[in-house]
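Two complexes are shown next, each including chain A; its partner changes from chain B in the first to chain C in the second.
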Partner chain A sequence: MDQSAATLPLKPKDYKSALKPVWCPGCGDFAVLNAITKALAFMELPREQVALITGIGCSSRIAAYTGVYGFHGVHGRALALASGLKAARPDMKVLVAGGDGDGLSIGGNHFIHACRRNMDLTYIIMDNEVYGMTKGQASPTTAPDWTASKLTPQGSGVRPFQPAGLALTAGASFIARGFTGDPNGLAKMLVAAMEHQGFSFVQVLSPCPTFRPEQMQWKHHVRALDAETTNNPIEAAQRIQADDGMSTGIIFQNRYPVFRPGTGVDAGMGSIESEFLI
Partner chain B sequence: MSLAKKMSDMDTFLAYSVALEEEAADRHDELAGMMDVHNNPEVAETFRKLAHYSRLHAKEIRDHSEGSDLPVIAPWDFGWDSMEGPETADIGEMNYLMTTHQALKIAMSNEKRAHNFYFDISRDSPDEAVRALAGEFADEEKEHLALLEKWLANCPEPAAEIYDPDPPHMPE
Partner chain C sequence: MSTRHPCDISIAITGSGGAGAITAGELLLSLAGKNGCFGMMRRSFGPQIRGGEAAAQVRISHVPVECMNDSFDLLLALDWRNAERFAEEIALHQDSLIIADPAAGEVPTAIRDLHHEVIPVPMQALAKDIPAARPNMVALGLLSHWLGFCSDEAGKLIDEVFSKKGEQIRAGSRAAFEAGFTEPLIIEAGEARPRPRRGEPAFDGARWHFNGNQGCGLGAIRGGIRFAAAYPITPASDLLEWLSPRLEQLGGSLVQAEDELASINMVIGASFGGVPSMTATSGPGLALMTEAMGLAVASETPAVVVNVMRGGPSTGIPTKSEQVDLNIALHGLHGDAPHLVLGALDHADCILTTEWAVRLAEALQTVAIVLTDQLLAQSTVLISEPSYELPDINARLVAEPAENYQRYVITENGISPMAIPGTASSTYVADGLEHCESGKPSTAAADHQLQLDKRSRKIEKFDYGEHWADVRGEGVIAILTWGSTTAVVREAARRLEAQGLTVKVIALRLLLPASPKKLTTELAGVERVLVVEQSHSRQFYRYLRAYYDIAVDTHVLARPGPLPITPAEIVGQFESWS
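Then we have the complex of A and B:
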């Protein structure tokens, strides 16, 4: 990777790679990419000091579209990979991203423990309430009466997760909800998330024009949270429960001890290799 | 206070103008890329041309601001009347089957917003020099609009919707 120190300040597009995203035109994930790059440019972070770790799914392709270090990992395991990276390289800014299926179903267990562990990571879930890459099945955030998938023609019948509520219960210290229709507001939110010391979780309402075309109307329903950010988890829980999931803003922020494992590796490569069984 | 009334000095006005044009150019490039990937080369070419014109305008404004130390404004602090800059196309309006006609209609609507932005400043800015330059920019946007109208006249709306026998949402 090019050292960027000599070329600072970088513009948002300098944080993009040369690859053209294969997302469907109209997809909200484009706005997330733009918001991330705007946030990184605003923070003037050198590219080589940032890593974006992702899982599997449409949104998880985002790692390839940025010019920072990236790892397009295994399904649901982005947080595990990112935690390892942060433990080994605490000096780096580590972002994690994926979709609602990746993060809340396959990766659900990693998610709740990442929340309570409170490592200094920023996790972005691009929530379109559907598995898009596999052609449109119900995900953990899909409404129970969504019948457009042939796998669930009567709807899944299962109540959806509330990602913000789940994060709060699991002990996350920063919880926000953004919307791709407001990429500049989202960029500002991501700056706050990245500046937060500890685990910051940002759920992004990101419409899927292909499998959930009705979500293109979200822009008429999304509104700003009508309350200041609270550090009181009881208040935050009440707000999350009372909300229809369309309010955006930083819902909860508090200071909890940040988990910073020591690297503890003092062995040389020779002694490590001698332990390998080939 | 309206955005136009906030344009009380030349540097602030130029910073807004550069951001408006550069963001529009970057977005048009991004849209061209989307259409390339989805095998819609005609519309990709249209967006590429639009990016070229936005970039020319941005360069012209940059030339105006040579020697000035333009203020650095965070993207969310511009306070645009729309969610992004007035000339920036909304990604949510894109579709892989869109036609050049549709792309030009979207571009015209963006140019109109940009024209209105400059026109309002030419009328309401408290600074005389800013009002004069904004008037010039508004006239240029009007020329762009006229150009797009001509272009659109040569790209009539297709009689029937484009049919894709293998759409991405076809269940497997």
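Then we have the complex of A and C:
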């Protein structure tokens, strides 16, 4: 890794590590990695001021492929790790990333609470509607009649979550949907997400060529949202409900109070010890 | 044999929830402190928020006391509602006195033997005649007179406490206190029978007044904790409530998380950011945290978990004490996950042990679990100012900016410099996946072996000094214990000594890693060992069998909660053991 030689402004490749991704050829996650590094380069953020926090799954391996600080934690808890880091280190730019199973199934509780807590974090879900690392099981975004899994050969029989709608009702202040087939558009969307004050959620349609080869056709269905970003949650809800989940763009953005615990000012032990005296 | 000293009196104040029994007990203990006494108060609640039962169990003495006595000398009942629920917690003895309001009806048979003298004081009626007065302040007056406390001192305390609630309540409380203090029935009863005399206080200095949860909180911030994340759970919530504003004052913060899974992961995230961090919980919460504690071990991220034990398993008996999370603290982590487990031995020790745990976790970049229990956490003591000295422990080893930084570099003592985010050119990825020295994931056998060795070596090779245990006394008999039963064992040892039987009390503070050689040294010349613990399945005894070599005749006093183990129970072990 030749990071030391790189001086600002850094190029996108300067934000990558020397590790070769474990992802399958054609995996959408490569494009997410490229979009993140492009966005960081565009924003001219020093590598050491950025942290990428992930959970477990194919997409969560992304932390090790960047040259910023990272934490590859346990399954489903990336948002909690990131929230702790951001609370303790508000000076850091904190990105969080993972898959649909990591974020919406095992980590579902943290997702809704991160939305309503509105800390200044950017959360990327690489949504391929499948558990890849465990070899192809239905996730919370999988259609109920998907029968290719040995675990649920008759289909899961359970209707999928609509991630954008979930984020909206949980109180997220920035909700966007991107597509790995448009890495430049995705990079711009990530810049907007990182510049947003508060919790920004970006659902990225990221096809899995191995377990969901049919998703390689997504490029023919994905289209840009036919409306401007709204700050009206009722309008946003209607758009999300009316859509098939394939429209990309920033769906909703509003200014909600950002949760920033602590004042950061150390007033000293003061009277704390003497409180114990009678 | 009488174990009673006229200057060592145990009083129970009972009432239905909201009647003010606890407030009266707290004020009585504060007054004891102002009158140069030592003491302790245990709160006993049912799970109800209001309308349940509440009992303040207060022990006041001229010498230091840190556990409850076997039984109560005086029971003051504000009313008898739900009395049967706490009857078994408030054992009376032959000469116990009962003060009760006749308006509350007959003394229930669950409480009273026929020979107990009952002084009927119409506390409700006395309070009714005074505006804004409550019967619990009449009770405080009665008890203060009985104990020979100064009424001026009491008046000042009442003014101090109640002036916040407005002039009417302050004046009413003070008048109610005076009504109790000058109640002829009490004065007459006091003259008619021997009552406790105030002894010479053993120590004239100031008193510290705190509960174990506050002690742990103080130890934590002394150790450098500046971030906490937690989910409310009985009996740990008041530790968190104490900590929250104080962390703010120190420039840190406490975040209320959505669950315990989030709390521990937030702690790990904050600690990764370079800020010493902790959470506090109780059994069920600890169970939820065990996966992420494995992450902290593998990623070598310092984290402190204070676990306040309660009756288990499952929801169990949340408001009562038991020493039953030892097994999960020792063995609950998955994989080979060396970590630290410490147990606080008494109230003052909550401060020491938590501070020590924070410093150790930071120095060794691992998880430290501090075990306390409901009895320590929610009972208040009145003791001399605690003082202790911890050995010098290095702060977290922070990496300087370096090219080709290797987060998990193999070192002789197993500790690798940790780069704090923000440090230029040392970016790395902390990982729960097994990794090589750089942090890159690895499934290679050699890397696994090297990293397992390193994580175990840093803990095993560290010199923990003399704080591994608290050892008191000498003798051919040793009592081995841990946690809140320590204070009870010490009191039993004093009684045994008065009978001519000297006993060595060994209370283990550092439970993991174990110190088998040190214990063997302490047991040289010991012929018999009694193990004392509050668990049904003998968790501590099994731990001793697993980690130590105790080659002498060993007896075990192991009993579950919710009733605390008493000094008399321990002394009784020696009567039947010959």
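Everything that follows uses one rule, which is that the second predicted complex is superposed on the first by the 256 of 278 C-alpha atoms of A that agree within 3 Å, B and C clash if a C-alpha of one lies under 4 Å from a C-alpha of the other, contacts with A are read in each partner's own complex, and residues count from 1 in each chain.
Everything below uses one rule, namely that contacts are C-beta pairs under 8 Å (C-beta built on N, C-alpha and C of every residue); 3 or more make two chains touch, one makes a residue touch a chain.
Predicted, not measured: the structure shown is a model, and the values here were computed from it.
J.: Between chain B (first) and chain C (second), which, if any, makes contact with A:96: first, second, both or neither?
T.: In the superposed model, A:96 contacts neither chain B nor chain C.
J.: Tell me which partner A:150 touches in the superposition: chain B (first), chain C (second), both or neither.
T.: A:150 sits against chain B, while chain C stays out of touch.
J.: First (chain B), second (chain C), both or neither: which does A:30 touch?
T.: A:30 sits against chain B, while chain C stays out of touch.
J.: Figure out whether A:194 sits in contact with chain B (first) or chain C (second), or with both, or with neither.
T.: A:194: touches no partner chain.
J.: Which holds for A:71: it touches chain B only (first), chain C only (second), both, or neither?
T.: The answer is second: A:71 touches chain C but not chain B.
J.: Between chain B and chain C, whom does A:109 touch in the aligned arrangement: first, second, both, or neither?
T.: A:109 sits against chain C, while chain B stays out of touch.
J.: Going by the contact rule stated at the top, is it chain B or chain C that touches a larger number of residues on chain A?
T.: Of chain B and chain C, more residues of chain A lie in contact with C.
J.: Show which residues of chain A both chain B and chain C reach, each in its own complex.
T.: Of chain A, no residue contacts chain B in one complex and chain C in the other.
J.: Which residues of chain C touch chain A in their complex?
T.: Residues 30, 33-34, 206-210, 214, 218, 221, 226-227, 229, 246-255, 257-259, 261-263, 265-275, 277, 291-292, 294-295, 299, 382, 385, 403, 419, 421-433, 440-441 of chain C touch chain A in their complex.
J.: Enumerate the contact residues on chain A facing chain C in the complex.
T.: Listed in rising order, the residues of chain A that touch chain C are 3-4, 19, 46-49, 51, 53, 63-64, 67-74, 76-77, 80-89, 91-92, 109-110, 113, 261-270, 272-273, 276-278.
J.: With touch defined as at the start, can you tell me which chain A residues reach chain B in the complex?
T.: Residues in contact with chain B: 12-13, 20-28, 30-31, 34, 38, 42, 135-136, 149-150, 180-185, 187-188, 207, 209-211, 216, 219.
J.: Show which residues of chain B lie in contact with chain A when the two form their complex.
T.: Touching chain A from chain B are residues 26, 30-31, 33-38, 74-76, 78, 83-84, 91-96, 98, 168-172.
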